[in-house]
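Shared between the two complexes below is chain A, which pairs with chain B and chain C, respectively.
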Partner chain A sequence: MPKLDDLDLTLETGSKGKKLISPAIAALVPIVAFAVGVHLYSNELLLTYMAIYIALAQGINIIYGFTGYLPFGYFGFFGVGAYASGLVMLDYNVPPVLAVIIGGVAGALVGAILLPLFRLRGAYFAIGTLAASEAIYTIISNPSLQSITNGPYGLNLAGFYSSGTAYGTAIALAALSILATSFVRSSKFGLTLKAIRDDSYSASMAGVNVPRQRFYAWLIAAAIAGMAGSVFGWSTSVFYPQAVFDPALSVLAIVFALFGGVGTIWGPTIGTVVLYAIYNAIGVSNPQYFQLIYGMVIVLLVLFAPRGLAGFWNYITTKITTVRAKND
Partner chain B sequence: MRKKTFPVIAASFGIALAACGSSSTSSSSSGSSGTSASNLPAAPAQITVGTTYSGSGSFATSSLPELAGLKFWIKTENAKGGVYVGGYKKRIPLKLIAYNDLSSATTAATLYNQLLTQDKVNIFVSDFGSVLTAPAVSLAQAHKVVLFDQTGTGIPFFTPQNKYIVLTDLPESSIWPNVLAKFLISKQIKNLAVLYGTNDFDASQATTLKSILSQNGINVAYYQGVPSSTTSYGTLLQTISASKPDAVLEFGYAANDTPFLQNVQSSGMHFKMVFTVFPGQLLSLFQQQVGTAGLAYTYTYGTNFYVNYPTVSEGLNSSQFKTQFAAAFPGQLNSLSLDGYNTGLVIQASLKNAKSLSQTDIRAGAAAASGHLNTLNGNFVINSEGAQTGELLPVAQLFPSSSGITLKAVYPASQATGSAVYPAPVG
Partner chain C sequence: MTESKSLLKIENLTTIFSGFKALNDVSLELFQGQALGLVGPNGSGKTTLVNTVCGLYKPAHGHITLEGLNITGKRPHDIARAGINRTFQIPKPFRDLSVYENVAVSSIHSKNRTSIPEILRKVNLADCANYPIEKLTASQQKRLDLARALALDPKVIFVDELAAGLTPTELTEVAEMLANFRQNGIALIVVEHLMGFLEQVVDSVFVLSAGKGIFSGSLRDALSDEEVKRVFLGGAHDA
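Moving on to the complex of A and B:
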């Protein structure tokens, strides 16, 4: 049985040059689009949240797309990040950008604490993460911890509010998450994760340290969510615990990632941009029909593009290739 | 290749940050600085009022009647030719822009920004409650636009640094229980149980109440916070009952108060006094969900909906509003629709006093109205931070009657429409 170190990954994923250009383009396109977009459409907060959702969808992509573990409680890391960064800003006057990094570290630390959840699989894992996140929410919003977390009274970061810098940081985070996905996808590490996703027992037999590799992916995803929560808290500025520990955050991030196509670099980004744009367009133009239209759109997409846009794209390109081959 | 790629990415981050840095916050079209009479800009063809509402979700039952009240105010004023603006000495028609935030703070935030950056509304109004108001606070501050905060009574909103917020319809949550505390002291209640939701609105009330009662030597034998999502109180009631309280006070949202009252009834327990927050605001809903037996002789905040204000300085009085609103918006009449209408009256008074439509002048107009504005919601008084300190809520008790349940204010004496029955009769 071949060992992973013996595999020639370059052969599988293309030349080294291509390996670097592709992620660079995937990260550069949203950077440029967001930088230009804010001058065309001035609802900067909406664009900030879109960038945050790209990061979250990419985080889901790393843990679900590459390992097969679906964390319904992903919002827990988001909330932890928002609180950790908010508290270091308020208590220690830490600059917001540095606080965002601290939020990411806090998310990763909580991820490490929740590592025993990987004893569970499938729906049990999903529900386990949900329960853990609810527990974290209850702890943080507990009035007995008011001296530390301000309990149920939320945080007011108005003194640190800077919409432009928060926007730039959100874009940088989105790009960083795309680069992280690219790294995972094209590295030996990513290959081991895919092996774990497809058959963890066989991967283990092939010499993959399954718990360790899964742990690394989990930490990366948790850190991304922590940083995303930090930027969210900073850009929203005044928030309550229920706003940052909102299960809807996980639901949207998962839907965006699935719609675009997990296991790909572009899928979650495109999925987020398209669905979040539709979400807001309907909300502004036809608020009374919002849920009806949005629900129908998702049902249609699930029916006709179950593997997301990436799967649909593959289907189209395969068809074209087949037709061309026949014609030749 | 690696050497070439990463400088490009780094440069792009730089470009993005530079591009974003320049796009910081932009002010509303109505401007932010005060205006003197000599350089007053031309009057706009209409004044836009922007708000969000919860068309679904946990806040919908409270948000929708509040929006209906605001719509009623706009309809009433437009029937007269618009709202009167002091600076222009004429009426200007009103136009409402309302977006559905689905009870989500994240969605509300982007829609608030839409109102400020795309619609450039003249009057900025937040949705129901503190959770959905929170995202609007810093946006209003950053855009230098006055936020007419309807019912977001959260303490963090009101700071000396924030000059752009006015709480219109309710007192700040920490002073809600002041009258209730006095009532408990007057009844010489010595042993108390307090159960509260761990959210800003409920916890701040519980904290204030406990502090006042402790200063007056009243023992709070049971004091417990529970998650706001709690809907089962059976075990908690057993523990409360064991402490043999003279009064049980539950501070929650409507979604908590309803199961709490249902659980008290189904448990067969009897307490001398049971207090919950929301029956006074949504009485007909509670009557449907809890029933007459479950509500009988319980206490609540007697919102100004149940207090008659025959003489007002602005808008309709209590009875006029109830008649006209019920005709215009059938089935939506309750204390929150009154709050929505009252928001309009505060805006109306602010515009009447304003020298122009600049946000600074509108805020100054609201400050000028403070203490002088008497509406169907009581006396409007705000402090320097924009927090409401008037419109205090009386204590009310729910009495069984031929029509189901009747709410009567029982304390203070100046607002009382009935006498408290304490202890509550058994059965």
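Moving on to the complex of A and C:
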């Protein structure tokens, strides 16, 4: 256990080596895994979607795991990102990778516009974001806006499709989202967010500008979802508004993040890999039992590992440490 | 100890909840290093006064100034950074953070950063720096509230029922701690029901009843004041 005055030094200067190595490993592992995985499993599109879901789960992790605000309408940023990047590609011939960044900026901009939703709390906030995202969907899919968004007929990006690059971008996005979570978790910013999550008034009496710090977390999460939507649109080539403004995207991302354990770096990544694999395995092998089995998995999770796999792992390691200490 | 410099000035403060005046035209002044007891029966407006000065409630009327700077209606974090802080009747530590991290949250938002170990030593929590919150006793959690307040280099601290539930030894320890704060120029407003503890800690008291200030002066004089006696010992709440 570090001595008291060493702790102070750590806060002041940071143990920079540790701060860099840990996120680097967390980001490198999925990069290597996906790079190797595509040679072992030929369904590249499924792996692309898995990487996209890792990013979404990490986005949920940042806003929910670190601030306690659960956005059911998180899919709205995903849809906005898909449309913003798709439209700049089609209308201005912007290269796809740059368009993905523009999708992230668009997600963040919409996040800024939706900032007043933070006047709401708990379930009201969750439902408020859902309503806002449905409103955006209604606007974008409106036939009267066909000249701008192509209305209900979606976008066709087939001319920009490049499987290898799209896959690589999806992996890079997953790694970036993990790095963002690592930064949040290990920084003073993350410490502040955790204080806000525990008690926002206490945090403000600790000098924390609660709305501003929450806004930053919200922008990061919105930008990640915007980029995820962009990569999805690009790798899917043809998409309709209901595919990118699908509430199921939020539900899955939330479930993946919770299953792995929010507030951690690895949890949402592992949660996504395990559950998305099960999701697709059941969907292919036993589609008739899909909802039953998937629902059971989630019920078991809530009953036996409410803090996710990461919480379960902590519980086991603490038990082992306690038993060892007793034996010594 | 100096008591000359005026720090906090509350003038005609009124806080209204749905038409009900929880605070009604309250005025008081606090000087550097002074310790003022804030007393009154339950529902008299003590916590409302703390919450209003600390920015949780917006006052309907009145002014609050800290060293001449108008802080009326400012946001809690601005007030905290300006130099007014508080503890809570029921301690409110950040439960997912260690003791050290709890203080660090305040420290990293302070204009004049003080060493966290130094702060933990001041409140006798140095041995618990790495503890999770659930390992702390109620008394330690209250001192952690104080530590977080100290980390923002405060000029005024509202101490809300710090003594409740403490053992006689802990009470003496806390009283000494508060005396040390005063010697460093921090002014205290001590919200307390335990008169014995108040006698040890404060120079004067301000008595609230039904949202109104009804007495200001020494604790001894308050105990012999007819109106204060009537408010505490029963009778009409017509003040």
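Everything below uses one rule, namely that the second predicted complex is superposed on the first by the 314 of 328 C-alpha atoms of A that agree within 3 Å, B and C clash if a C-alpha of one lies under 4 Å from a C-alpha of the other, contacts with A are read in each partner's own complex, and residues count from 1 in each chain.
Methods note: a contact is a pair of C-beta atoms (placed from the backbone, for glycine too) under 8 Å apart; a residue touches a chain by one contact, two chains touch by 3 or more.
Keep in mind it's a predicted model, so treat the numbers as computed, not measured.
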{"item": "Touching partner for A:Val110 - first (chain B), second (chain C), both, neither", "value": "neither"}
{"item": "Touching partner for A:Ala158 - first (chain B), second (chain C), both, neither", "value": "first"}
{"item": "Touching partner for A:Asn43 - first (chain B), second (chain C), both, neither", "value": "first"}
{"item": "First (chain B), second (chain C), both or neither touched by A:Leu309", "value": "neither"}
{"item": "Which of chain B and chain C A:Val255 touches, first, second, both or neither", "value": "neither"}
{"item": "Chain touching more of chain A, residue-wise (chain B, chain C)", "value": "B"}
{"item": "First (chain B), second (chain C), both or neither touched by A:Met205", "value": "second"}
{"item": "Intersection of chain A interface sets (partners chain B, chain C)", "value": "none"}
{"item": "Chain A contact footprint on chain C (complex, rising order)", "value": "54-56, 75-77, 80-81, 85-86, 88, 92-97, 100-102, 104-110, 115-117, 120, 126, 129-130, 148-149, 151-152"}
{"item": "Sites on chain A touched by chain C in the complex", "value": "1-2, 4-5, 7-8, 11, 188, 191-192, 194-195, 197-199, 201-210, 263"}
{"item": "Sites on chain B touched by chain A in the complex", "value": "1-2, 5, 8-9, 12-13, 15-17, 19-26, 55-56, 98-102, 104-107, 109-114, 117-118, 130-131, 134-135, 137-139, 141-142, 154-157, 159, 161-162, 197-200, 202-204, 207, 225, 227-228"}
{"item": "Chain B-touching residues of chain A, taken from the complex the two chains share", "value": "16-17, 20-21, 24, 27-28, 31-32, 34-36, 38-39, 42-46, 49, 138, 141-144, 151-159, 161-165, 167-169, 171-172, 175, 179, 232, 236-240, 242-243, 246, 248-249, 280, 283-284, 287-288, 290-291"}
